[in-house]
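Below: a set of structures, written as structure tokens.
Heads up, the next two complexes both have chain A, just with different partners, chain B and then chain C.
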Partner chain A sequence: MNELVGVAAAAAISWLNFVVIDTWMGLPEKPGVRGADYIGRDIEKRGGDLAGGFFQGNLVCSPDASAGTLLGAIGCYLMGVPEGGLVAALLVFIGNRLCADPGYAGTLGALSITVIIALASLAGMSPGLFVAGMVIAITTIQGVSHSRSSRLLGAIARRMDRYTDLK
Partner chain B sequence: MLIQITGIIVVLMAVRTLLAQDRAERLLYLNAMSFGISAMIALYVGTAFGAVLAAVYFVASTITSNAIAHTLDRVGEEMVIED
Partner chain C sequence: MIIHVTYLSGYLAAIISSIIISAILGLPLTPERPARHSWTPSAIFPTPVIALGLTAISIKLGVTGIYGADLGAVAGVLSAIMTAYFLEDIFPRPEDS
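Right, the complex of A and B next:
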């Protein structure tokens, strides 16, 4: 039971970590690659929000803060804090460059989750909880209802002044 | 416990991918599934090499999704020639 509560808390923290960093780095503003544009407009066609659609398209097409959060957690779980997080940040950066992306969101996500895991370990949360938590967090965005999650992401983008100008 | 949670999510996403009608929708479910598989690799292998494996699997699956989405965008309206 304790582990379930830990996973739920880790999922909420991971969700906030990657959504805030990705929105702040401008993922909802424009599709970084052509494929992201296709996915964003498809989500809009199915009743979603365009900015939220671009956000989700960018997540699929390039390792952003979501990937950074997962791989940072995996690195900390298997290699220790903080060296595992730093190795993960490097691997995410390489992945970003392969996808023709500047690569700052993913690297920043990996570094920030490393700091969060270091702080959470003081409260007795193990890095393994964050590995499963991040999978739950991404499922709430991409695995339940794309139109609803994109509208939520669009509302967050509007609040953070990162809403898309594209039509 | 952790590997069971990720396993259930992976199976759920696989079923949704099979049932989805839209191709872009499928890519989104597949991406969520890749997160789950990557986490399962790390939780199952349990060594430093497992972390490298998980990262390589994840980055490679993202590059694949990138290529598929790019192609779908370029294909646009398909022409189906009937016999």
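Right, the complex of A and C next:
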């Protein structure tokens, strides 16, 4: 498979993986720690969406499905499928607990990307493509425009019935 | 991609034994609802995740057991004991949860 096409496909798959899991696990509903609250409200002040801001704040403050997806891909790249992904899931769970997070989103993200990488390998996609793809995917959320990406995340949260009740 | 069948049986044994042993040790089968906000350790989370991680680490360290499944079964028992008795002491839940 052409490397650039592979990275683009892996970025799209990784983006869907972590955004859907994190939204489903309620990241836009409320900030897990005080830092996520500050980030969410600051993004809202800059023209963003509060629920999307909480999502982004929670991503920063604890290893959620985004970190699980990235570390799962790195684990599979370094240690093979599925060992690397399973070790990554355990380490992400420990990291979650250290960051005042129950750990559902992070571990589910690592386990799901392990399954996805195993299936994608049948189409000739290597774990390395997913490492690069996930870096691009997280950059679209955290690194380009906070206000625009938070509005998109807020719209997804509303669609999945996970929008915040906080004001 | 090659997943060795012996290792696959080890992972399956880890999942099954961790769920069964943690249920025997008195952990609830599932967390209370909504599960995404629950801090209660249960048979389906995080016990199998710990068991799978321990099994994978053992395999990568070259400890594969005799039949593969025996390694997973031992990892499942250890993870169930750890989740039932030590998890909340090692990683306590936040006070306001």
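Quick note on the criterion: the second predicted complex is superposed on the first by the 166 of 167 C-alpha atoms of A that agree within 3 Å, B and C clash if a C-alpha of one lies under 4 Å from a C-alpha of the other, contacts with A are read in each partner's own complex, and residues count from 1 in each chain.
The working rule: a contact is a pair of C-beta atoms (placed from the backbone, for glycine too) under 8 Å apart; a residue touches a chain by one contact, two chains touch by 3 or more.
Here the structure is a predicted model, which is why all the values come from computation and not from measurement.
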>> Looking at A:87, would you say it contacts chain B, chain C, both, or neither? Reply first, second, both or neither.
In response: both
>> Is A:112 touching anything from chain B or chain C once the two structures are fitted on A? First, second, both or neither.
In response: neither
> Taking the superposition as given, does A:97 touch the first partner, chain B, the second, chain C, both, or neither?
Replying inline: second
>> Going by the contact rule set out at the top, does A:131 touch chain B (first), chain C (second), both, or neither?
In response: first
>> Taking the superposition on A as described, I'd like to know which of chain B and chain C A:58 touches: first, second, both or neither.
In response: neither
>> Just checking: does A:79 make contact with chain B only, chain C only, both, or neither of them? Give me first, second, both or neither.
In response: both
> In the superposed model, does chain B or chain C contact more residues of chain A?
Replying inline: B
> Should A:17 be classified as contacting the first partner (chain B), the second (chain C), both, or neither?
Replying inline: neither
> Should A:150 be classified as contacting the first partner (chain B), the second (chain C), both, or neither?
Replying inline: neither
> So which positions on chain A get touched by both chain B and chain C?
Replying inline: 79, 84, 87, 91, 94, 98
> Which chain B residues qualify as touching chain A in the complex?
Replying inline: 1-2, 5-6, 9, 12-13, 16, 22, 24-25, 27-29, 31-32, 35-36, 38-39, 42-43, 45-48, 50-52, 54-56, 58-59, 62-63, 65-74
> Can you name the residues of chain A that touch chain C in the complex?
Replying inline: 24-26, 79, 81-84, 86-87, 89-91, 93-94, 97-98, 100, 102-105, 107, 111, 118, 121-122
> Which of the residues in chain A end up touching chain B in this complex?
Replying inline: 3-4, 7, 33-39, 42-43, 46, 56-57, 59-63, 66-67, 70-71, 74-75, 77-79, 84, 87-88, 91-92, 94-95, 98-99, 128-129, 131-132, 134-136, 138-139, 141-143, 146
> Within the complex, which stretch of chain C touches chain A?
Replying inline: 1, 3, 7, 11, 34-39, 45-46, 49-50, 52-57, 59-60, 91, 94, 97
